[in-house]
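In order of appearance the chains are A, B and C, and numbering begins at 1 in each one.
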């Protein structure tokens, strides 16, 4: 088959995306774990690890630019490369969420957690699991799976609402806890956004296969067809 | 760097092979050069010999005077020169237009019945001996007219020129890239216009070369003229024109005088003089040969120069 | 993704009012051999339509149908309609000479006549009876301006057309075609024999003149088709070695999200 080299290079890029993905997954799980255990050293490591994530993202971006410039990708190939650019951008921001959680951990310093973390780790686990499956679906261009994942975001949203209400109760009962509540709320917010971005990755996977960019699991059901404008 | 098996295999014989290659090269080059020189020998020998033998008899009178009594100086072969020119010109007029048109047809429609017949006939005609052609024209024209003439001579030469003209013109036309034709047709030009304005000019250089080839051959034809033009010691075109004007004759009458009487030509004169028992005539025949050779050379040179200058103008 | 592998006849992209030419059910035969099978295509006015496809799929044969150049091949026979401004030019009694004036052609290898640059461009107008010096001067200058060659040759119009470089010769041929003010210009791989810079120049030229002309271009260079055209037609040969129209759509669709798998395979280079 023609373009064997090109095919190999695309596969290589996809493998690198998986590597970036697992770096992000580890960062998120690690940052939440460090927060749970109040391990400031581990949090510091997460911060350093973010630099590696950024570096990896730019490496992959560089490879993509070279492929686009030298291989004149069309149609399906073009959609793969263009979508990969988007996806690594999403992954990099998801890594920033882990960094944010680690930062909060460090800023809390000696302060105790307002409450033991139960729902937060659950959010993290759910989000990371969604990401893992979404990236696998991306690599395999499995639109069936990609279409099914975003709905699980509702679970993460529900957990976030629960945490929010719980923290509000704390603050109403004792206004002095507002700072600590804020920090935890921010952590939960990061994890909620993390799961949202997984949906974007799934939408890109569907785009690669069909050429149509649709919002999956959007309550307003917005439909945008790239070729039906004007 | 490790050597591959192939490199090992060839390294064994490197030196010997290299030496052998050089020797064979040198031998072949020398052989080719020597044989080339050998092939050139006849050419230069002939030219040299003719110059040598004929050079001494050449003077101005030779070119501008009619033949006179043997042994008397101051006479020439003007009749032969003019005869050659007139008959060659006539032959061109007879042969070139039909030849070129026939070539156009054969090149454009090679597979039609007419095209096939044309090409076959051309090949056959080119194989007919020139003396047979002379005999044919004798039977057809000379006997009918009752006398020999330059007209008959020119006709005979034309028939001999025809196959060469058709063949070379056809080949040159076929060499013109078809895309040139298409370019003209795509603009809306008709077939004939395309042939005339585009294909013909593109092939012209080669066609002209073909003409000149046949002309030089034609100038040297002897056998056909034996039965057609015969020979005429008093053939003087200029004098005919002048006297014709003086006698108030019109163009056709003058032309008639020029063409309708027996004429001489250089090869014919050469043959005549060379077969006579007088050493002076034999000497003169060498001079005639020289004149003929110079004439042909001149035609070739002019042709070359003209074609080259046209080529250069085209390449820009 | 749609995986149409069946041999389906694509729809004609509407009979929009701005269609300049159309081909309906065209089949071209060389003797008994069918080179094109039931081709349908519509060409929009003042747009560039590209015809792409693997070697030997009949692109050039299709192009040459538009100006009836296939007639020059003795054994060629065209069945079907070729419509120019609503009239079928493949009918008997049609003045082919006039068709060829209205539908001009530029060839793959530049083919300037062995004449001066001026006479090359003036050849066409002279065919149609224009002989006055002033008129010809005007036409020659205008055409050479349109093909972006004027500045380079204005001082040497008397020089032979063959003295120009390859790219210049091709622009000369374009000027020659424009000199008779055609309505449609057919280009058969116009830049394939040229260097990259000359190629881009020709593409620029196409963009500049398309507002006054309709252009149909055959090219085996996909990137060129993608860069230059508004519509693209994809052709391929079927099992009987006859050329077929596989897909015909806006260029951006063909190259970002084609509907037929064979088109996809061709534009991504998986099949050539």
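As a working rule, a contact is a pair of C-beta atoms (placed from the backbone, for glycine too) under 8 Å apart; a residue touches a chain by one contact, two chains touch by 3 or more.
Since the model is a prediction, treat every value here as computed from it, not as a measurement.
Asks: Keeping to the contact definition above, tell me which chains border both chain A and chain C.
Replies: Both chain A and chain C are touched by no common chain, going by the contact rule given at the top.
Asks: Using only alpha carbons, which chain's centroid is the nearest to the whole structure's centroid?
Replies: Closest chain centre to the overall C-alpha centroid: C.
Asks: Going by average Cα coordinates, which chain is farthest removed from chain C?
Replies: Relative to chain C, the chain with the farthest C-alpha centre is A.
Asks: Which integer distance in Å separates the CA centroid of chain A from that of chain C?
Replies: The separation of the two C-alpha centroids amounts to 51 Å.
Asks: In whole angstrom, what separates the CA-based centres of chain A and chain B?
Replies: Once rounded, the distance between the two centres reads 91 Å.
Asks: Can you give the whole-Å distance between the Cα centres of chain B and chain C?
Replies: 47
Asks: Mind pulling up the chain C residues that touch chain A in the complex?
Replies: The contact residues of chain C facing chain A are 1, 222-223, 226, 252-253, 255-258, 264, 267-272.
Asks: Which bits of chain A are touching chain C when the two form their complex?
Replies: The contact residues of chain A facing chain C are 1-3, 6, 72-79, 209-211, 226-227.
Asks: So in the complex, the part of chain C that touches chain B is made up of which residues?
Replies: My answer: residues 67, 69, 72, 97-98, 100-101, 104-105, 107, 109, 111-115, 123-124, 127-128, 159-160, 162-164, 173, 176-177, 180.
Asks: Quick check: in the complex, which residue numbers of chain B touch chain C?
Replies: Listed in rising order, the residues of chain B that touch chain C are 177, 179-180, 182-190, 193, 197-198, 201-202, 313-316.
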